Amino acid sequence: MYGVTVRDHMMIAHSFRGEVFGPAQRLHGATYVVDATFRRAALDADSIVVDIGRATEELRAVLAELSYRNLDEEEAFAGANTTTEALARVVADRLAERVHAGALGESARGVDGLVVTLHESHVAWASYERPL
Amino acid sequence: MYGVTVRDHMMIAHSFRGEVFGPAQRLHGATYVVDATFRRAALDADSIVVDIGRATEELRAVLAELSYRNLDEEEAFAGANTTTEALARVVADRLAERVHAGALGESARGVDGLVVTLHESHVAWASYERPL
Amino acid sequence: MYGVTVRDHMMIAHSFRGEVFGPAQRLHGATYVVDATFRRAALDADSIVVDIGRATEELRAVLAELSYRNLDEEEAFAGANTTTEALARVVADRLAERVHAGALGESARGVDGLVVTLHESHVAWASYERPL
Amino acid sequence: MYGVTVRDHMMIAHSFRGEVFGPAQRLHGATYVVDATFRRAALDADSIVVDIGRATEELRAVLAELSYRNLDEEEAFAGANTTTEALARVVADRLAERVHAGALGESARGVDGLVVTLHESHVAWASYERPL
Amino acid sequence: MYGVTVRDHMMIAHSFRGEVFGPAQRLHGATYVVDATFRRAALDADSIVVDIGRATEELRAVLAELSYRNLDEEEAFAGANTTTEALARVVADRLAERVHAGALGESARGVDGLVVTLHESHVAWASYERPL
Amino acid sequence: MYGVTVRDHMMIAHSFRGEVFGPAQRLHGATYVVDATFRRAALDADSIVVDIGRATEELRAVLAELSYRNLDEEEAFAGANTTTEALARVVADRLAERVHAGALGESARGVDGLVVTLHESHVAWASYERPL
């Protein structure tokens, strides 16, 4: 099994509901350094999993829809806790839609799965893994 | 599948028995930067795998039992080589006990598995993965 | 010249005023991974610059006053842009006050200077350096 | 399941054929920081997956056959695109041969699988995973 | 003194002349992860050293003139060894020209100095520091 | 001013005397990831500060004299606390001796200064800087 990973980041504000979150119930923020891994059993005719340049562009496009925003005010997350693990899934699902829509090229339809990891600090990160 | 990882470290002394270890048969030491990953198929009602704060506390508690010690003199390791891979299992097993005992909260009983990685330097690390 | 550095982090929300900031004029947030370096010409009687444990505690205390907050609503920053470089100075100045107040111990009064670096992502960081 | 990883690097020149590669069709180069992970269900009699010293030596030997070369002129890669993912497989397959040949010792024949990751920059990497 | 750093990378091929370089006399290549630090005694009216967005763009522009090339065939480097330290100066000097030309905005003319660091691997890097 | 840095590591056991050290008064250990920076105002005839290969070898030789040892039993450190900052100086001074003795080649006598940084964990490190 092959994998190709590209990295980018986003900077957002949000707050959490639930006592478990302690001081993070207050409005605060995070930089998420985001790693998106494309997994594939066999390489395509160009000997790649996906084009790193196009994967980088699509990841940037997905993150641009979230970055420099207060997620508490985004309709897509109304009533939801935008935890690191929940956001990892959002990014993975949106990337998957783009692969299905052909944004990474015809060959990228051969991708088998995705893993998205969001690093919230040097001591904590979360990931979500799904088939494509 | 979701994962949440927290990082901490411990500093220990030890020596190894066996010719394969060369100069590491002498008493020496290591800083282990430790990553503990909690894996789970679905998020809990708060949209988390485990609370990062509590996970950090439990990992710190497990490492405090090992850190600033000469492992050669710890009864728990009598007759055993405390290699990086063996210690990764010790940390994972002790964390699993704490999850089972409810130390990470009732919801954390839904955790499916653990991966513990010990970085012994910038060029070598070891991990142990187990179901919960 | 000796230096000792400890690392911690804080997670904040804020917005900037000024066209130069583009989308960062919107409310967003950041994780700052913070490195505080204590510089000193000669070691103290214990062969240290400062005690790493106490330095870590004082840095944590300084960051706790800022973390999990919306800096736009903090009186201390009224009318100011809390850029990465400006916050680096805030952290350095507050650490310096603590050193002067004896929070790091009598010996730490021998510290000559401080450097504080705030990493806002894997591709951007800022620092502020000052004498003590 | 246990894993042990060692890290080294190689520096090569190459070019790619195919429009998807854009400017990377020109002769250019890369530093690949290479992580080789050895996976194993149970530890051997010395409580190790493989000896980290020997694993480091064998990885260095595999990389020495590739480093400081223009891969476009290497017979082994005639007509092939030496992409990061393709090279990850080359390194993994050559390491596997060495394990099978006994270069890591008799005990290392118990290794179950290999993962090789090549980091081409701070924002892109690729991996190949195979059973042994 | 304040500093702001932005990071990007370039991928090049080259060879060195001189016995000291051993196997690096052959055509090979490197990824350079490049950190450019802008130093300044006082912040500007927006509370910044330079705009991180513009600094990132200018660094990218400087690196684009070098990346995906065989430096042995670039006229600018005819007869010169393009070592990591020599390239650090090239990048710093070209960035300095851009600052002087106003590419980072009028306020950036207040920048006092530059430091450029090129990381050639996880175990070696070089830097060049100059006033502006 | 130019700088070239090489990285290696050592693994040692030791204990500290003094109440300030708390649990670190017990025998424990550390991995030190060591960065040695050679600083120089102008490059030599080969366009280098020092040869990275030779610098790596000399750093390895200095660290080999310390690694896989209990520093409490080394005569060189009798009665001394081998703190991270104190060891940074030991490594810097021993490297300086090697430069003066010609171990890095005649040209390396033009080196102006050294900085040695010892990383004891992902959250703490110390350095020592000296002229040559």
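Points worth noting:
Think of it as A, B, C, D, E and F in the order they're written, each chain with its own count starting at 1.
Assume a residue touches a chain if its C-beta (ideal position, glycine included) is under 8 Å from a C-beta of that chain, and two chains touch if they have at least 3 such contacts.
Since we're looking at a predicted model, the values are computed, not measured.
Counting steps between touching chains, the shortest path from chain C to chain F takes 1.
When the contact pairs of C-F are matched by residue number against D-E, E-F or A-C, more than half turn up again in E-F. Set side by side, A-C and B-D show the greater C-beta contact count at A-C. Between chain A and chain D, two chains of identical sequence, the interface residue sets overlap only in part, with shared numbers making up under half of the total. Once the centre of each chain is set as its mean CA position, chain A and chain E turn out to be 30 Å apart.
One finds 30 Å separating the Cα centroids of chain B and chain F.
In chain F, the residues that touch at least two other chains are 7, 122-123.
The residues of chain E lying in touch with chain F in their complex are 16, 18, 20-22, 80-86, 88-89, 122-130. By the touch criterion stated above, chain A contacts chain C in their complex at residues 7, 9, 11-14, 23-24, 26-33, 67-70, 120-123.
Here chain D touches chain B in the complex through residues 1-8, 43, 46-49, 51-54, 56, 105, going by the rule given at the top.
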